[in-house]
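Each of the next two complexes has chain A plus one more chain, namely chain B in the first and chain C in the second.
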Partner chain A sequence: MTKHEPLIHIVKRDGMAWWRAWAIRLISAVMALLVCALFIYGLTKLNPIKVYGAMWEGAFGSPRRAWITARDTAILLCIGVGLAPAFMMRFWNVGAEGQVLMGGCATAAVLIYGGAALPTWALLCAGALASLAAGALWGLIPALFKARWNTNETLFTLMMNYIAIQITCFLVATWENPKGSNSVGIINQKTQAGWFPALFGQQYMMNVILVLALTVGVFLYLRYTKQGYEISVVGESENTARYAGINVRRVLVRTMAISGAICGLSGFVAVAGSSHTISTSTAGGRGFTAIIVAWMAKFNTFVMVLIALLLVFLEKGAVQIASQFHLNDYASDVVTGIILFFLLGSEFFIQYSLRFRSHTHAKEAEA
Partner chain B sequence: MKKLASLLLALCLVMSLGVSALAADGIAPEDLKIGMVCIGDNNSGYDIAHITGLEKAMETLGIPAENVIYKYNVGENEEAADACYDLADNGCQIIFTDSYGHQTYTQQVASEYPELTFCAMTGDLAALSGLSNLKNAFNHTFESRYVSGVVAGMKLAELIENGELTDENYDADGNVKIGYVGAYPYAEVVSGYTAFFLGIRSIVENVHMDVRYTNSWFDPIAEAEAANALMADGCAIISQHADSTGAPSAVQAYSEAGHTVFCVGYNIDMQAVAPDVALTSAGNDWSVYYTFALQSMIDGTEIPTDWSEGYNEGANYIFPLNPCCPEGTAEKVAEVEAGLTDGCLQVFDCSTFTVDGEQPTSFLAIDLDGDFNGDEGEAISDGVFHESDPALRSAPYFSLRIDGITELS
Partner chain C sequence: MAEEFAVRMVNITKTFGHVVANDKVYLELRRGEILSLLGENGSGKTTLMNMLSGIYFPDEGQIYINGREVTIASPHDAYALGIGMVHQHFKLVDVLTAAENIALGLPGGVVVDRKGIAEKVRQICDRYGFSVDPDKKIYDMSVSEKQTLEIVKTLYRGAEILILDEPTAVLTPQETKKLFDVMRNMRADGKSIIIITHKLAEVLEISDRVTVLRKGEYIGDMDTAKADARALTDMMVGRTVTLNIQRDEPVNVQRRLEIRNLTVKDSDGVTRLDDINLDVYAGEILGVAGISGCGQKELLEAIAGLQTAVSGSSVKYRPTGPDGPAEELLGLGPRAVSDRGIRLAFVPEDRLGMGLVANMDLVDNMMLKEYRSGKSPIVERRHPSEMAREIVRELEVVTPGIDTPVRKLSGGNVQKILVGREIAMNPTVLMSAYAVRGLDINTSYTIYRLLGEQKKAGVAVIYVGEDLDVLLQLCDRIAVLCGGRLNGVLDGRTATKEEVGYLMTTLQADRKEASA
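The block that comes next holds the complex of A and B.
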């Protein structure tokens, strides 16, 4: 009797030693660099090693560049950390973009209206609280609808982004300076009121410390607290959670408030700690990029540090390639795309293994 | 022999001393390092105009091409400050930022690097900032827009004469409808569309213009949508103050669908995307300023805080005329350009337009207290609105809304 079998079986792996998983990731990274090298040489005839060197230069070439990389990593990481609790609960919060913007708008409002009256420490406290509240509100609305009417949270949070973008545009038009420029300019440029102060002589030290503290905090919260455990049970199975006596609705609403609040806080870090202005580019798509960060790190906030750093590194590298070799930005984006494709693809080979037909035949023969 | 050698040596020493003393004032062309911050890259007509202008200036002055560092696609946010800091770190002695919104960040970096020169192109804050190393520059773009308006007027006159316009091209008062796609409701845009309108009206008297804003300097889709809305409303001529090919492409498509419509572009030759309908484009030759600024760096002379020149210095021009332009257009353009060059023709001659039915007699250009109303700097004298007068400000300040133009959005 002939049995028709597909050429390849895809089989889920039972598990893999950590070092093997990391070996696969390393191999895919090397392969990505090789394919990129082919692309770079084939298209531009540039020496790929030099191009990679330029990428490194762009991200870490001078202390200032390294700090800018750290600053941008901190904001991306902060959003990723904010997404982690929601994603662990299998609540697809794709509304980080809007939550960041709402936090940023709240901070900008505090800086603009309180700039002349309050000292910087008070502005910072008020800005942080306002951004937490604004972000939490933007996370709470879809969560309440989901809890009450079981609305689709992916669509709902996505739509909330567009409302936030329009609110931001409206506020920019309200606060624009000078009028007609469609830009708020630098808020409190002369007084620097409400700006993050330089710590240890470093302008962006506070951004980094704040976000790293959050990273550790959320890691501990998810891993070691009762609420964190509830989140993972709800994420695994709502029915199990209910059976175990967990109030699913309450966990849902509470977790989304936390998720939104942290995303809102990254708007605070972006406005008060980095750009000192507000526009739709305050979020600038980072709310979506952070989804990749959270997913690739499997919601482990420490791994997120690496992923966020990698993404920002690629971005800064792309900018430097464009500047140094007069390569169009799109060419640099292709390089970034290839690297991400391989890294995301490697996760497939960590989760699954491929078995070829002859291989299974041999096994059957043995049996 | 030994004596001769030592004499030569001494001579060399003296010479080199002399040379180094000379160099202390200025910077030798091969030592001059330039930074250029662009809001886009070579996909945007606006940036191309700046990049080619700078390249031409460097070639003219014998500055090696590798002495410039470009930063592309720099947003109007902290990225602009990052880019300026980085260029300063890399030894650039003069740094240009090409977009208006870069300016506050340019100013921030300029205040921390007083020994370097920063030119915020198209900016307006240099004089008010009190920083001696922050400069603004702006060509008389309104002059080339006026000339391009004359070209459009010539075409319009031909269309009227040949009876090629339909009823929908006229409004209730019998005026021919024309349309304009603007980026933002900012003085720079207002000044530009008014100049274009006055150029048309110098040929065809009964015209009315509608302006639609896209709220972006570069948004091909929004610009095409705005152009489509204007054409659907019957506009027979479309011009633009936005940086993409969106509007001309839309006009070309509308024309191919059997409508009578033409357009006037900006910054690049739009005949590439709209071969049948793009009459001409208003152009800026930025190389005039870049050459002047870099020459000043080489000579060690001070660059003026505000610089603004037009046809008189060759900083403005229009792109080649489309073959479909009526006979006599080239001659008319030459006549108008000659008038602008020698100054006997003024774009904003107050006798040619009214505001709320009256001829304007006074306009204060400079706002000191941020309330968006001019506080000083009278721009109108001898019946002429003096736009971009370097004594006031290089960036346009003509923000009067004249009769005959309606802003729709």
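The block that comes next holds the complex of A and C.
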């Protein structure tokens, strides 16, 4: 009766000092850059340092580029912040894409139908409220079904995305301008009614301030309010929540309304503050990318700022090296992929340690 | 040449970590007999049988099948020797039919020979008096049908030695009778059968002999013809051990909870608690004894508002004694109970899955029941922090700090935090389920002392326990549950271990006196 011991044991760690965890992340980032360098040199014979320089150039090379990076970071961050309460509750909301689109559609409707009648501040308030309501509705529907019939929220929220995409298509066709262009065009291009005004001379300053305020707000909400505490308890164990007298269904529905509303507000920022148009690409996959943002940050909204910035930086840098070095778009996607792979993989080594066979044998011999 | 014993297990020892599950156990199964394997929960019955069926491998000892020493390293080896086991939890694939489940894992081609299987299944059924529909899907089957299929499956594979692990736990009395008929038919056909059970009545009814285990040790065996329920109980529970738990005389005893006609059904509609009538008094510790799964969990959870009771059930709460005002607890739910100022403390069996949040630190766990207090939407962590520090100091909790997640603490320290929190709410009723399970001696005594102090402070304490020695030396009264029914209430000072053990295993015909 000899059992063959596997060569490697995967053992869950009991926890790790924060500095060691960050050291592992740093090492994996360096390794990612090294592997990318090998890849770049091996395939294109370009100088990797130059390529990295170009990536930096693409994201932060000029004030304008830096502001566009900031603008896109703000939207991605806003969606990630919106996902945080749902994920903290272990409610797998993969419907941010749809919630963003619904918020965007609501905003576009306000700008189109109220553009001539209302002053900008009123348009902005109305747009914000409409997008919050639309996003909340899109978050509420799967939550109500989950609370009532225990439906699977992952499938439900995912499918809600496709409904939102179809609604957006319908609205784009309705609002088509000019006719036959199959797009809405820039809304209120002449009057700029309902656009985010420039603050301190910067066109995108308001986006950044609004999203940072939300980031702080959600952080405080989750950490210091009774509702935030309830979300944590429900997320950790529904049994404990019931034992403590928490109404699990109510927390579920309330939290998803909040989560959906913030994602809807991201649509407002994207339409009124950034693209000034609406299309199915208004969300552009950011509803899914934000899942990575929320998870890598372990739902800490301040850490999300860094992650969102990193992802947008990689995206902008990839576009830049693609055009500057006449590389195929896919080459830059590979670079982005390698970096993400290493960063996500580092979390494995923070959670688990590897024990080799000889190691455990030595331990048994000691015992 | 016919050897007398189908199975002989000699000197079998099996340890898991530092727990000795089986300690030099003997077992002999004669050809064509039904042997009961009797013992309390955790006495090592299932472990022993798992070694016979190839799931575990013994650390020490020998197994002889038909007189020949064998090595059983896998369930496959066991089948080759003609040993088949029907587990408590069935091992069937829900979406397949009966015939397909029988064919699973058997050698043969890619095509399932449904006709051939159905024919052979029919032969087995006719021979022993089963009824199995080979084309029925598992998810359409009742529990009893699934069990029948499991037995047919082992027979189909040619088992001569059958092991049934608590087969009657899931059956109605009528189904049990049918099963026993089938078992007798199999015996008549020369099969040898081991039935694991802790129900004395069944031991006496079905088996020829009985082997008794207690706390992993072999106690003895005897012919059931010569045995009676008392003698078997004695063997099962053993002699009383003196523990020196401090037990004060109850003072100012007054009725606090009146449980009337309490019936609870689970989500499958199975009755888990059947018409319980019981009073709980302030100033005493009421012990609740019973084989595990006899309604203890449902009783506490119904009182705590976590289980829905059948209408007509009632639990009245009387804060000021039998003549004072009364409040109906059922139907309120834990939130409404605490909103009404009823301080009901509950130490559940599942400490980290229900009583505490494993990933939260001590402070956040302290807040679990009081975080709602006050109008502010902001949580207040100052008082919980003080509470956590005080509990750590008073109960000598070993922890790196109050900001450590409780999952990182040892079992004893986790329990101290849970009990400490529940006592800190100044309860009027304190319920605990298996409060010392898995704890070391010192921590166990700390828990006994805390419960004793609560009793002296006029709290109505309910202690659901499994160690009879502790129940008899800690509790003032002991309510014994058996199969979801209240089978008797004994005086903790005069009752004997045998009496409690007897009530745990043998349902009394007349339950009227029990509710007195």
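Observations on the model:
Simple rule for what comes next: the second predicted complex is superposed on the first by the 364 of 367 C-alpha atoms of A that agree within 3 Å, B and C clash if a C-alpha of one lies under 4 Å from a C-alpha of the other, contacts with A are read in each partner's own complex, and residues count from 1 in each chain.
Quick note on the criterion: a contact is a pair of C-beta atoms (placed from the backbone, for glycine too) under 8 Å apart; a residue touches a chain by one contact, two chains touch by 3 or more.
Note that the coordinates shown come from a computational prediction; the quantities given were computed from them, not determined experimentally.
For the composite obtained by overlaying on chain A, chain B and chain C can both be accommodated side by side without a clash. Panel annotation: after superposition on the shared chain A, the angle at the CA centre of chain A between chain B and chain C (CA centres) reads 140 degrees, nearest 10. Legend: residue contacts after superposition of the two complexes on their common chain; A:T336 is shown touching neither chain B nor chain C. Judged by the touch definition given at the top, the superposed model places A:V233 against chain C, while chain B stays out of reach.
Between chain B and chain C, it is B that contacts the larger number of residues in chain A.
Of the two partner chains, neither chain B nor chain C is touched by A:Q203.
Once chain A of one complex is fitted onto chain A of the other, the partner contacts of A:T225 are limited to chain C, with no touch recorded for chain B. Judged by the touch definition given at the top, the superposed model places A:S62 against chain B, while chain C stays out of reach.
Once the two complexes are overlaid on the shared chain, A:T44 sits clear of chain B and of chain C alike.
Closest contact between chain B and chain C, by C-alpha atoms in the overlaid model: 35 Å.
Per the touch definition, chain C reaches chain A in the complex via residues 57, 71, 73, 304, 306, 333-338, 346, 348, 350, 353-360, 364, 367-369, 371-372, 377-379, 408.
Those residues of chain B that touch chain A in the shared complex are 41-43, 69-73, 75-78, 82, 85-86, 89, 100-101, 104-105, 107-108, 124, 184-187, 215, 367, 370, 372, 399. Of all residues in chain A, only 1, 14-15, 224-229, 232-233, 236-237, 239-240, 242-247 touch chain C in the complex they form. Residue ranges of chain A in contact with chain B, taken from their complex: 62, 64-65, 68, 169, 177-183, 185-186, 189, 274-277, 279, 281-282, 284, 319, 322-323, 326, 328-329.
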